[in-house]
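Alright, structures below, take your time with them.
You will see two complexes here that share chain A, one where it goes with chain B and one where it goes with chain C.
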Partner chain A sequence: MGRRRAVITGVGAVSAFGVGYDALANGLAAGRSAIGPIRNFDARTFPTRVAGEVPIEKTSASLLEKHRGVLLHIGEAAAWEHSGLLRDRKVCFGLIAAAEAWRHARCGTAERRAALSIGLGLEQAFLEDFADQLDGDEIRIGAGDLAGPEGVRFRSRVDLTAEKIRGVLGLSGRVAVHVSACAAGGTAVAHAASLIERGAADVVLCGAADSMVNPLGIGGMSRLGAPSPRAEPSACRPFDRRRDGLVVGEGAAMFVVEEEGRARTRGADLLAVLAGSATTQDAYRATAPRPDGSRALAAMERAVRRANLAPSDIGYVNAHGTGTPLNDMAEAKAIRALFGDVPTSSIKGAVGHLMAAAGAIELAACLLPFTRDLLPGTAHFEEPDPECPIHVIGPRPLQRRVEYVLSNSFGFGGQNVSVVLGRPR
Partner chain B sequence: MRLDGKGLPVIAVSTLTAAGLAGRGLAQRVLEKSLPRPSELAPPAPSRPEDIRQKKLMSRAAWFSALVMRGALEEARWDEARAEIGAFFGVGASGAEMDEVARLVAASMEDGQFSLARCGREGLDACNPLFAFQIMNNFTLCHGAILEGLAGPNAAFFSRGTGTVTALEEACAAIMSGACERALVGGADTALHPVTMAELEREGFLRQGLTPAEGAAALAITSTAEAPLGYVEAVRVFPVERPRGTLVPRTGVLRDAAVPAALDALEDQPCDVVVLAPWGAPAREALLDLPQVLEAELSVDTSLTLGESLAATPALAWAVTLDLLAHLDKPRALVLSAGPDGDLGVVVLAKGGA
Partner chain C sequence: MTHAGRMAVTGCSLRTPLGDDARAVLRRLLAGERAAAPNAHFDASTYTCRLAATIPGAPRPTKHRKFVKRMGLFGMEVGAEALARAGTPAKGARLGLFCGYGGLRAHWDDLMPVLERQTGDARATGAWAQGFSLLHPFWMLFHLSNNAHALLSIDVGGKGDGTTTAGSNAGAQALRAASIALAVGSVDAALVFAYDTLVEPETLLSLGMSGAATSAATTEAVVAPYDEGAAGFVPGEAAAAVVLERPDDAGDRALSFVSAAATADGAEGFPSPRALASLAAGLSVGDMIVDGAALASPERDTAERAALADVLGPSATLLALTASTGQLGGATAVVQAILLAEALRAGALPPIAGLDRPSAGPLRPLARAEETRARSALALSAGMPGLAGALRVEVP
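Up next is the complex of A and B:
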């Protein structure tokens, strides 16, 4: 019996370009950027005022109800809204992207045994709820009378999105919630491939959802000094000599991943092969990536090896490329060392840094080389940096046919993941 | 996942409970019921300069995790080539210090109301600039990995039970596939954080007998060892059906799922000891008959003595079980955890020795 291989047969996305995978694909193919002023809350006094925000001001029951494939019971979404659950924007994004991927892959009853492997960001904290419990300089929260009224209060639980996707799509397989910060989306997809390859699942719905475009998310990132101080649409310019920080994004990307033989038998469209992946840790500092990029290099090297490929087989690298001075320099060193002059880009200048969902949305972008022979560009890249000696694709996408691509995601805390996708045959 | 041959050797264990930081001996205290009631732990304070520096960025659970990781590494004597050691952990909710949140919120108040404008102007400046590192869930794994230089394959799973079992399964898969030869696996969490307590209250778990606790455990697993503490023979997560919109399955459904899950994991092998970790009264009732069905000589309910520490609970139960097998000289145990995520985690452990 041959090796079991995992293939992608469905994709769904929600991004700053809008709802739906086509919005993302068309936006990237046109070389556009979707970064703009934050609109879902009044950020005028915040140090950061731009984001890769999904163009939806309020996540609501009616938003969910209008999306085909989100199979809701009557009154269910309204009850969620009433309970406060939809205040966490990533719940809606995850549900919509999951439903789109499910529909795109033409999944039905037979696929309901699918496992779910999803990367999710931090709980969303609701500062106004905490304010209600403020007593002097102390917040009084706890069991009993201090628990607050019913519903989602103070913060949303990390696995809420997973719980709702499982319920709405009626999935009966196992659930894994990856919380590897900005590496979570990549690790969730890599995990899905691993489950398929070792026979632990035949179908896995995987991907990630996140939103930190909220007061504490934006405020917390600003305090870290990670976002660009410029409140301009060009705030994030990965690998550019003038880069000065990231732009926070939000959204989701979900995939249906299944065993290749099964997918072919049922006549599913094969979008890409999940050829290999690897994780490593920087084990360096809580506050910065390892400057020599050596553990990122190790992740890329191992992912390529596990795909039974040579570095020269990789035709495009989708970089983590946050637009921060330290990340891009370390990553460029690692890419140069392994791949030389391979065309490389980061889509974070166009959609922002989706945090836990970054790896997933970037893997969705990595389908373009196979579906349209297009390598996505790097929005706002104008001045090459000698400290980043790699072949950076400029703002316009590059028309080229490649057989294999590699996508990097590196998380706060030092978790690295590299995933190799191949053109289906 | 059923592991070939004897399974994967576990060569070291470290736990942090109300009994303190320990490698062995927890089982005896669980059997004797001589452990203090679950309460807020008093873990050792940091003494090394790098610990003191990094502790400022850590949540309680991250410090717990760093302590048991170090304990397991020391017992395993894994001093060399740490960059290739894997780390797979179940981690819990973000553990921001409430004082930090209070400072931020208090500085954002205007005329007795929370003011978003003031939050942006003054509130944010009132809290630690590195506050975000304290609240990121994966830092429960990463702080320990940084302090100990673990740079191999890794994953952090959010866990209210089965996420930690998934961490064990992925660690075993990483070793089996050759991604690494050695890995630390475990969980660290606190159910005593005020926001988590409020969550458990609103979800109805506290009313149904969940005893909130905190703790951590780490196991050192390797591809080969001559005289290990024990072996991981099988590890599986079993999803359990529940009515749409509810967090946990009905008691009868959980009961009906538990027996086939246990038999599936055991694959016709006899089992001498059953260790259960049910989150509260309904789950306990569902698992009540299991030891009898499996004809086990002994059954232990770790949650009765250790309480429910969410992401840490399954790992603590494995640590207790390895201890029990050695202490009672029994060949095999089944550990079944049923956390407030509603699913089942089943692990089969065998006694070690030469």
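Up next is the complex of A and C:
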């Protein structure tokens, strides 16, 4: 019996380019950047005032209704909105992307036994809730009127998005929630491939959703000093000599991943093969990547080896490429050491850093080489940095046919994941 | 016959409401002690659920306090201890880290400086000047879900495979992921650690309101799971870690062997007893002892026993360690892996603490401690939404 292979048969995305995978693909294909001023709250007094914000001011039941696709039981959405649940933007984004992927893959009743492997970001705390519960300098929480469910929504449970996706699609398979910070999305997709290859599932809905474009997320990141201090659309310019920080993004990308034979039998469109993946850890510092990029290199090398490929088979690298001085330099060293002059880009200059969902949205971008023979560019990349000695594509995309691509995601504290995608045959 | 994912445990450590030494904790379990007490973390006197089982004491002083909250620090402590006790069987790229993270639930204490001047400012106009500028620079890192994992990997030099999973079966997920990494040879040792607390205001409120947690006013009034009068569990907290190695590599260093599985059945509440039994069936090798999910709901307890009887037979012995320790959320599976092995090694099974009137039904809920010659047992854990974990523990 041959090795079971995992293939992607459906994709859905929500990004700063808009709702839907086509919005992402068309935006990247046009070489545009969707970074702009924050609109969903008043950020004028914040040091960070730009983001890769999904162009929706309010996540609502009507938004879900508009993009519901084949979602079941959508009538619940009004109740979710009433309860405040939809204020957590990642819940909405995850639901919409999941519905699109499900619809795109033409999944139906036969796929409802699918597993779910999802990467999610920070639990959410809402300023409005806190403010309403304040009494002087005391939080009024306890018995009485404030003790019920309406009085205690101080956070959106970390696995809430997973719960709602499973509920509306009627999925009954196993669920895994990955919370490896910025590596979570890539890890979730890698885990899905592992489930398929081991025979633990035949269909997996996988991907990630996150949003930190809110006062707490932007405020916290600002205090950390990670975002670019420039409140300009070009604030994030990965691998550019003048790069000075990241831009926070938000959104989701979800995929239907299936066992290849099953997908072919039911006539599904094969978008890509999940050929290999690997995780490693830097074990270096909490706030900085390992400068020599050696553990990032190890993740890439192992992912390529697990795909039964040689480094020269990889035609494009989608870098983590945050636009921070330290990350890009270390990653570039690792890419150069393993792949030489392979074309490389980061889409974070165009859509921002989607944090837990970064790996997922970037894997969605990695379908472009197979669907349009197009390698995404690096928005705002203008001045090459001698400290990043790699072939950076950008800012315009590069028309080229490649057979295999590799995507990197590196999480806080040095959790690394690399995923190899192949052109379906 | 053994399960394909069976791995050797060569080191372990834990923090539980009943202590941090497995042998001593077993003694208290055998004596039928219960850790439930009036909530030690905050005043819950007006809550529906007023009792909790909390870890006594605080994490040791560490430079990591600026990055990691209390439970994460406990997780880091037990991880480092387990690895040291295992003799650090692998280093660098051959050592993997797998974390089960129950959840991080309360932010308001450290947000007070930000929040106290925000009233009436729902759109956060001027929010920066009114408070966010006061956030500690590491506030974001403090609330990251993988901060304990990342810092522990630095402390122990673990550079191999690594994942952090979340949810109330996260411990079982982490054990399973580690077993796979060992089985495919990507690491030679896997440090698995899990931590969780249900003893936080929001969680206690929702568990109390839903009736899942006990509303008993005193420890003595708590009715045990599998008792005909069961009326909710005691929320607890724990951190636990094990080092896993392939059995052939561990040789006679193996303290025990563990196989794990995790699933979800789509339920919004607790998983169905059938889902739990199905997991148990996938791991069972003729086992006759099971540590149940012990949710202390007469309806669920009855259904769980019926489902397990179909897998294990009607005379299997039923334990409930969480009757003593409290429900431990995402940490449950790793705690079970340690304490069940300790019990099997000692040849003594702990009673279901406080079980006075076992409800009718199959299986044999253990009301009194008893000796055993069994060398293996199953364990189950359950949490919302529909998350189930299972493991099989075996001693040499």
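By definition in this document, the second predicted complex is superposed on the first by the 399 of 425 C-alpha atoms of A that agree within 3 Å, B and C clash if a C-alpha of one lies under 4 Å from a C-alpha of the other, contacts with A are read in each partner's own complex, and residues count from 1 in each chain.
FYI, a contact is a pair of C-beta atoms (placed from the backbone, for glycine too) under 8 Å apart; a residue touches a chain by one contact, two chains touch by 3 or more.
For clarity, every value in this text was computed on a predicted model and none was experimentally measured.
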{"item": "Touching partner for A:S407 - first (chain B), second (chain C), both, neither", "value": "neither"}
{"item": "Partner chain(s) touched by A:S234 [first = chain B, second = chain C, both, neither]", "value": "neither"}
{"item": "Which superposed partner A:E76 touches (first chain B, second chain C, both, neither)", "value": "first"}
{"item": "Footprint overlap on chain A, comparing chain B with chain C", "value": "41-47, 120, 122-123, 125, 127-128, 130-131, 134, 137, 139, 141-144, 147-148, 151, 154-155, 157-159, 163, 167, 172-181, 184, 187, 191, 194, 198, 215, 219-225, 278-287, 295, 298, 302, 411-415"}
{"item": "Residue numbers on chain A that touch chain B, as the complex places them", "value": "41-47, 73, 76, 120, 122-123, 125, 127-128, 130-131, 134, 137-139, 141-144, 146-148, 150-151, 153-155, 157-159, 163, 167, 172-181, 184, 187, 191, 194, 198, 200, 215, 219-225, 278-287, 295, 298, 302, 411-415"}
{"item": "Residue ranges of chain C in contact with chain A within the complex", "value": "46-48, 67, 92-93, 97, 101, 103-108, 111-112, 114-116, 118-129, 132-133, 135-141, 143-147, 149-151, 153-154, 156-167, 170, 173, 180, 186, 201-202, 205-206, 209, 262-266, 268, 385-387"}
{"item": "List of chain B residues in touch with chain A within their complex", "value": "1, 54, 57, 82-83, 87, 91, 93-94, 96, 98, 101-106, 108-109, 113-114, 116-121, 123-124, 127-133, 135-139, 141-143, 145-146, 148-158, 160, 162-163, 166, 170, 173, 177, 179, 194-195, 197-202, 206, 212, 237-239, 241, 244-245, 247, 341, 343"}
{"item": "Chain A residues within the chain C interface of the complex", "value": "41-47, 116, 120, 122-123, 125, 127-128, 130-132, 134, 136-137, 139, 141-144, 147-149, 151-152, 154-155, 157-159, 162-163, 166-167, 170-181, 184, 187, 191, 194, 198, 215-216, 219-225, 278-287, 295, 298, 302, 411-415"}
